[in-house]
Structures are given as C-alpha cells and as structure tokens.
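Letters A, B and C mark the chains as written, and numbering starts fresh at 1 in each.
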Amino acid sequence: MRSMTTTVEVTATERYGYLDLTDDLRRAIKDAGVTDGAAIAFCEHTTAALLINEWEDGAMADFRRHLTEQVPHDGVYYAHDDFDIRTQNMNEDERKNGHAHVKAMMLSATSHAIPVVAGEPGFGRWQRVIFLELDEPKGRRITFHVFGL
Amino acid sequence: MRSMTTTVEVTATERYGYLDLTDDLRRAIKDAGVTDGAAIAFCEHTTAALLINEWEDGAMADFRRHLTEQVPHDGVYYAHDDFDIRTQNMNEDERKNGHAHVKAMMLSATSHAIPVVAGEPGFGRWQRVIFLELDEPKGRRITFHVFGL
Amino acid sequence: MRSMTTTVEVTATERYGYLDLTDDLRRAIKDAGVTDGAAIAFCEHTTAALLINEWEDGAMADFRRHLTEQVPHDGVYYAHDDFDIRTQNMNEDERKNGHAHVKAMMLSATSHAIPVVAGEPGFGRWQRVIFLELDEPKGRRITFHVFGL
C-alpha cells in the first residue's frame, strides 16, 4: 500500500481566473507510484474552488457569468465585509471578499475523490481538474493525497 | 488491505432523468470484499451529476424545477454553444449543452466519498446514491473505488 | 495501514444553525492513530450539509441569507410536501421539508475528503469543517473515516 501527499502552489492571473491542474495531479500520481487506487484533490482555501469539468473557454465563461450573477461581488451587503461590526478573524490587510465566501460555500467544491486506474486519473474524455480563484489573485495551495497499490 | 475499482454503465430515459445506483454501490462493496473502509463514487462526465439524497419523486421533481429555473436550457446565451466563435474541443456531433456544463459546475457533484460499515454503505435511513442526467440521455460511466479491510 | 470510523451525534440550536466540528475531526484522527493519510467526513442526512469554510459569523449569515433567498422555505410549492398526492416514504411525523431537500441537493455537500498531515487535518489557515442544519433541529450523525499510516 502506497500513500503520498504532495502540494502545488498556484496563482491565478485575475479574479475568477481558471487554472488547469490536471498535469499536476498526473505528476502526483506518478510520484506516489500508485497504479490502482485513488487520489484526493484538496483546496486549502475558503475563497477558491476546485472544479472537475471541461477546459473550454466558452463553458468556463458561461459558468463565471452565472456564478457572478447569482452572487454579485458588488451592490449587495455582506456582513463579512462590514468592518464596523465584525470582530472575528480580522487581519491587518483584511479584504472585502464576503462574496467569495458565499460563492465557495454554494459550490462546496473544496475536495474531490478521483479513482486512479492504470497509473492515471480515472477521468472521462473531457474531464480536467480546474482551479477557480474566487477572490483577488494570490498564492494558493492545492494538495493531492494519492493512495493505493 | 483490499482495493477494487468497478464501473457501471447507465443511460437515463430522459433529460434530467434520475437513476438509483445504490444497489450498484452495494454490489461493488460486496465484490471488493471490504467490510470496513470507504467507497468513492465517481461520475466520468462533465454534463451529469451524482447526488446523495432521498429517492422520492416529489423531492426529485422539486430539485429539477429549481435547477432548470436557475440555469435554463433555452432563452439564455451560452458561449459554449456559439459554434461560430468556438474553436476548442469541437466534435462532429457537437451538442448544444452549455446549460448542462453550468449546472454540473454549480452542483460540483462529480464525486462522493462514503464510509463502508459492516459491508454496507454507511448511509443514513433516507440516503441513496442517485445519478442525474443533465444533457440528452446517452451512455454514461460511473466508477466505484472501494478500499479497506 | 490504519483505518477507523467514528461517529459523532450533534443537534443544532435552530434551523440553519451552524456547528463547528473541527475538533471532532481532530479527535477522530488522533483516535485512529493516523499521522499521514486522509479523512472522510460524511453527513448521514438528506436535509443537512457539511461545509468547509471560515467560522466567521458574518460570512455564515451572508451564506444563510443567500441560500434561503435562492430556495425559500415558504411561498413556493414543493411536491415533496404535498401530502395529498405523495405516496413514497411517508412517516407518521412527516415534516414539510421539501425546501431542505432542494437546498441539500444544490449544495451537494454530503461528504468531504481531507488530507491528514502530521496527525492533523491538512487545512489552510481559515478552514473549519462546519455542520449546517437545513431542517428543524434534530439529532444528526456525522461519520469520520480516517485511514493511512
């Protein structure tokens, strides 16, 4: 039984920027030496998400538009951003990112569990693992835990 | 330590059709010979989803109505379906299914991780694992990876 | 290889009440004796959810408001609650909770898979595992399956 955790650090180029992490996942599987088992992909952040879907600019633009219409980043009151009343978890450089927390909780896309088959992610033809930044770009950590035979 | 991956092939009878895969999951657990461990249920598609919820026609109809109101399949522009400008991943038989990609990303329900207890899925009383077709019906592959003792 | 499943029982104080289960997850990891591996957090219910996000009252209030606006608990017809026509899964004490099923399916937040690193959940700085009651408060079971070395 093999078991290995690796971390990649990524930064999107813009708010709502996408990054294709499929090759990073593949590398984590190879490094773990697992042929048959599974991989967990985990995003260590509360204002970002991991999607498994197709890497096609139109579909990704459609999703971005829908998500930002549903949960706008301006014109809506977010208690998380009301620094006159908020007391918890305040930082020196606290950002107004209440919208990104709501988006992240709606998506609930922090982790995925993916079969590993013949040393590769058990993805269908169009599937890719995709990082989505919901806040302003910053350094983000994605962890892959791979286990199996 | 036992570890086994099995795949089932399913086809819904209609767009937004549901299929109860709980017995398929049970069979995968039995076939793996796992008594205590966990199972990963994974949908290999970008326009379909796996839900864990109650199999009750009313609740499933309510959810279908909500989802299609939120993300309509017509009357909305989807860049994914704009074949005049789209260049990536074009097939001979490309379908207009941009709505289904947006639904799938909103749900983010490609995989689930389920404890296995006493040789059965560790489900509560009403839980079932349910396939939901978001596109026109076609053959779909669902993978179960079961591991443990 | 170690592998252990533990269950905690929780009850929220109100509808849409949140409970921080991070210490319960930590205890499950310690009890399993796993240093490097992964943990599955699984909610055994069809009208409740597990979130991984920040424990900050404002963000949690923002999310509650958004979710209840999207899927209202009154003023909308739910076939699940139409006891004149419904035939499946009827209990003596059947509750009108169709809204909670739709919320749960939209979130699709029944399970999470979390790396375990150095005997702790591999969480980023702000991440907590949070139970969210979607129905009236009642006793709920959350299962942690921990495995690894």
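Here, a residue touches a chain if its C-beta (ideal position, glycine included) is under 8 Å from a C-beta of that chain, and two chains touch if they have at least 3 such contacts.
Here the structure is a predicted model, which means the values were calculated and not measured.
Enquirer: Note whether the interface between subunit B and subunit C is symmetric in residue numbering, meaning over half of all numbers used appear on both sides, and answer same or different.
Expert: At the contact between subunit B and subunit C, which are copies of one sequence, the residues are largely different (under half shared).
Enquirer: Once subunit A is fitted to subunit C on CA atoms, what angle does the rotation have, in steps of 5 degrees?
Expert: It is a rotation of 120 degrees, to the nearest 5.
Enquirer: How many angstrom lie between the CA centroids of subunit B and subunit C, rounded to a whole number?
Expert: Using C-alpha averages as centres, the distance is 20 Å.
Enquirer: Multi-chain contacts only, two chains or more: what residues does subunit C have there?
Expert: 1, 70, 106, 108, 112-113, 147, in rising order.
Enquirer: If you look only at subunit C, which of its residues touch subunit B in the complex?
Expert: 1, 3, 5, 40, 42, 44-46, 70-71, 78-82, 85-86, 88-89, 98, 101-102, 104-106, 108, 110-113, 141, 143, 145, 147
Enquirer: Give the list of subunit C residues in touch with subunit A in this complex.
Expert: So the residues of subunit C touching subunit A come out as 1, 36-38, 49, 51-59, 61-63, 66-67, 70, 106-109, 112-115, 117, 122-124, 126-127, 147-149.
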